[in-house]
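What follows is a pair of complexes built around subunit A, which joins subunit B in one and subunit C in the other.
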Partner chain A sequence: MTFSLSQNLIQSSLPISQGAEAKVYKAQLTSGSPPILLKYRFQKKYRHPTLDANLTRSRIAGEARALLKCLRSGVNVPGIRMVDATEGILGIQWIEGQSVRKLLPGGAEDDGADNVDSPDVEDSDPLTEYGVSVDEVMNLIGNEIAKMHRVDVIHGDLTTSNMMLRHPKSFVPFNPNVTTELVLIDFGLSYQSTLTEDKAVDLYVLERAFSSTHPDSEPMFAKVLIAYAETIGKDWVAIKNRLDDVRLRGRKRSMVG
Partner chain B sequence: MPGKIRKTPLIEAGRDYLALGLEGSANKFGAGIMKHPKDGAATVLSNIRHTYITPPGEGFQPRDTALHHREWALKIINDCLAKAGVSMHEIDCICFTKGPGMGAPLQSVVLVARTLSLLFNKPLVGVNHCVGHIEMGREITGAQNPVVLYVSGGNTQVIAYSRQCYRIFGETLDIAVGNCLDRFARIINLSNDPSPGYNIEQEAKKGKRLLSLPYATKGMDVSLSGILSAVEAYTLDKRFHVQEGAEDKDLITPQDLCFSLQETVFAMLVEITERAMAHIGSKEVLIVGGVGSNERLQQMMGIMAQERQGQVFATDERFCIDNGIMIAQAGLLSYRMGYETPLAKSTCTQRFRTDEVHVTWRA
Partner chain C sequence: MLFYPVSNPAKIKQRIIDAAKSKAHEADEEREAVNFSFIDASLITSRLHLETAINQAILAESQGSLRTKTVHSEILFALNPTNNITEAIRRYGVSDTTKALCVVQIMNSSATTASISDVEIKMKKVVNGSIVSFDELAKLTDWNTVEKYHKLGNEVKEKRDAQRARAFIDNVAVSSVAMKSVMQ
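On to the complex of A and B.
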């Protein structure tokens, strides 16, 4: 019966978007309950069915496991509401807010497919609505990732699209001076590891995502690392050294000098 | 779409431009003549290639490949000019592959380019091989601003254009996918004619059983060497039998292995391409490089693109597999932007990343 239940839930939900891995819906478990977000890893037709089923099952389970571990350790992630690994459906807490990518300079420009020749219209800084500056966001990012790495969860796909800022109206902070909160989302490729290597690669993935989405991001990412170093503590030296190594990877780099 | 489609900074051709492109970074020597006429649309006047084919079980060695290129260069360039019906004197520039590729073959081709340049007093234009693939793919398919999956014997990269640079989103951390397939073809003694990858593809069509192989995506990158070891290990398995059509369920045939290898590595490639598309919000994907002519990969990519209401662009073997015309196309674009390689700097290099090139001809 699980089959029809999960599928029914999808049927009655509102489709939001389609990411790389899954379709995303806004749903309600019971009428009147707070909304939840459904992540449906639909069958990828391009993959061999056996391969696809194995990957889907292990990724849903892995995602739920990582979220749970983060929740227990006080990392800001959405809470889990339901899991159906065979169907590939994960229900998590609905977060009111905006993805960090859209809030940072350069991140929103992809949506301008229709205004082909118009010059960039600069509205007021979208971050003012959240009451934080770019530097503070970088601080939050570094801090949150460090908290996650401290409990040996590796995100696997850190990009600015996979972080959200909670809308100030949508939650009540413990500290009244805090206007927003950074939430890490999409743990679809996460896994657990104590290795310095994996943490460094995680940071490297984020660094590349920064440089490919946000122009002139080097100083921004440097601030992320400063905050990360502060929170992670004594492990930082090892991670930093490994990050320098990881940056040299990739093929056909110039080896002169 | 990633970014807006801005007007190209390329100045309209006030006259007809002709470029000769010479390519020889691996086991193919190719020459092609590209014309950019006054009215826009690029025209391929000729595109000729000769492949150095080694016996089954052997790869191509740099030294022998360079020898092959030296032996064939003049004949192919002459054929190429004759087919296009132009003389060397009409050519605007000579484009050659600067890198990346195998050292010795690159050197023998750049030597030919230099000699021609001095003989006919024509400027040289050094071209990045990967950028050549991308520009040719864009020209042939008409894709405006696609995510590019570049898969060949030496390269495996997911590329997206951003601010005058082809940025590498994901790539292989060890061996290239073509290398992985070719080496497996050698292990099971498939012919290298017309190409080992093609023969793997034909064998895979007969395979039915999906054997479990590692699935190694790491961030946006993939790792392929472990998969090669794993599939090789199956050939030492007691259940491995070479004869075809064995009905026994518990047997592993080379066809099954080809099938499993393709299914697994292509699924990984399509997955990282999809992630890049989702990340930058693009709906177009372009496949270039030798492995790009694999129909199963094109099919998988097509299904993925369809699920995202996107479109896949692929070219056939004439333009997918290394060729001279793509070097002419990319070279001519940069030549029209005023770029020339002075003789003293007309070197080649084995290491030359796609993202090192300043793409002046795009906005």
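On to the complex of A and C.
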């Protein structure tokens, strides 16, 4: 193949960051259309090409399906804008805002180059810009995760980096008292499950992420759980008991050896 | 190109069917005359919705993975939330009761302004109607039917105001078009 439409698109877009699995770009499909975010699962040279194509294809498909399922059920996630499973490209709605990790105390550390557009104002709370308090953010987090678990989608990688707050300037609220919205992102490790175990582990992963990135996070995470319990309803007792079990033994159910 | 109102939908449909049926070479000219994608504008929720369908259709053509016979019918196929081609054409294509039509032709990117105005003349020969701005699209959308086709009845009821419900339907519609190629 001498040229490919998707490769051209990537050439013309702005690289944002790169991880082990994918590179992320900001792009535009047509001039005048809103920007989109491209997640490009590039070819892994260390895998057999056939296996690589298969894995990439099924991961893109899985991520897109999880996103659509969340969208249909009213969970705040970015909308899908293009899918090219052959090349390994997923295009989603661009969300103007900031990850929750950077907005909470302790999260903004050691992120060198990423911080260019937000000059650090010492000791000012970045959340004031978004018009919400830490408690309100915890409330939003608990709500959104519960909405997602209600439709049996397990995120698989819940961290404060994988949640964003929409910037008030780009957010068109239907209710004037609401200044922002919490959006869950990165469904690359997500799957579907009705099991209490999987939902509890999802919460446990988030708890660990909280305690390792944000100092004194216990009261914060407790508020997440209160909001979660309210939204999820009657399944809460079972999930809570299982979460206590998971805390004792860790993420993996069977530990042999 | 958005046409509204359109007065000859039945005739357009008949011409497309006739052109497709006749095998002989003399029909080539007639086939070329209706070589567009005719899309019922009342089922398009936004400009982005249509653009996404066109984009995915072009992508499929460039990779040789068209699931219908032409790139123009692929647009209709991409718009329909199920994998049934007949249903896609019946729902999203031109029908006897169509009042507003989006007419699309996919061209090479080297096409000049002159050839684009040629296309416009050719479109006007086929469609009896006036061309209106794409901003009119919002007034033409039949939200209830879109909601039905995407099976969003229960979800929409939870949204209290119409504006919020529409933003929601549009987002789901655009997303399902975009992920059509990896649908189960």
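Criterion: the second predicted complex is superposed on the first by the 224 of 257 C-alpha atoms of A that agree within 3 Å, B and C clash if a C-alpha of one lies under 4 Å from a C-alpha of the other, contacts with A are read in each partner's own complex, and residues count from 1 in each chain.
Heads up, the rule we're going with is that a residue touches a chain if its C-beta (ideal position, glycine included) is under 8 Å from a C-beta of that chain, and two chains touch if they have at least 3 such contacts.
This one's a predicted model, so the numbers in the text were calculated from it and none came from an experiment.
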item: Touched partner set for A:L195, first subunit B, second subunit C, both or neither; value: neither
item: Larger contact residue set on subunit A - subunit B or subunit C; value: B
item: Contacts of A:Y46 with subunit B and subunit C, given as first, second, both or neither; value: first
item: Touching partner for A:P215 - first (subunit B), second (subunit C), both, neither; value: first
item: First (subunit B), second (subunit C), both or neither touched by A:A20; value: first
item: Partner chain in contact with A:T30 - subunit B first, subunit C second, else both or neither; value: second
item: Subunit B versus subunit C as contact partner of A:G74, first or second or both or neither; value: second
item: Subunit A residues contacted in one complex by subunit B, in the other by subunit C; value: none
item: In the complex, subunit C residues that touch subunit A; value: 48, 51-52, 55-56, 58-59, 62-63, 65, 152, 155, 158, 161, 163-164, 168, 171-172, 174-176, 178-184
item: Footprint of subunit A on subunit B - complex, ascending; value: 1-7, 99-100, 155, 160, 162-163, 167-169, 171-173, 176, 210, 215, 217-220, 263-264, 267, 270-271, 274-275, 277-281, 299-301, 303-304, 307-308, 349-353, 356
item: Interfacial residue positions of subunit A with respect to subunit C in the complex; value: 4-6, 29-30, 33-34, 57, 60-61, 64-65, 67-68, 71-74, 79-86, 91, 174
item: List of subunit A residues in touch with subunit B within their complex; value: 18-21, 44-48, 50-51, 55, 109-113, 115-117, 156-157, 159, 161, 189, 201-202, 204-205, 208-209, 211-213, 215, 249-255
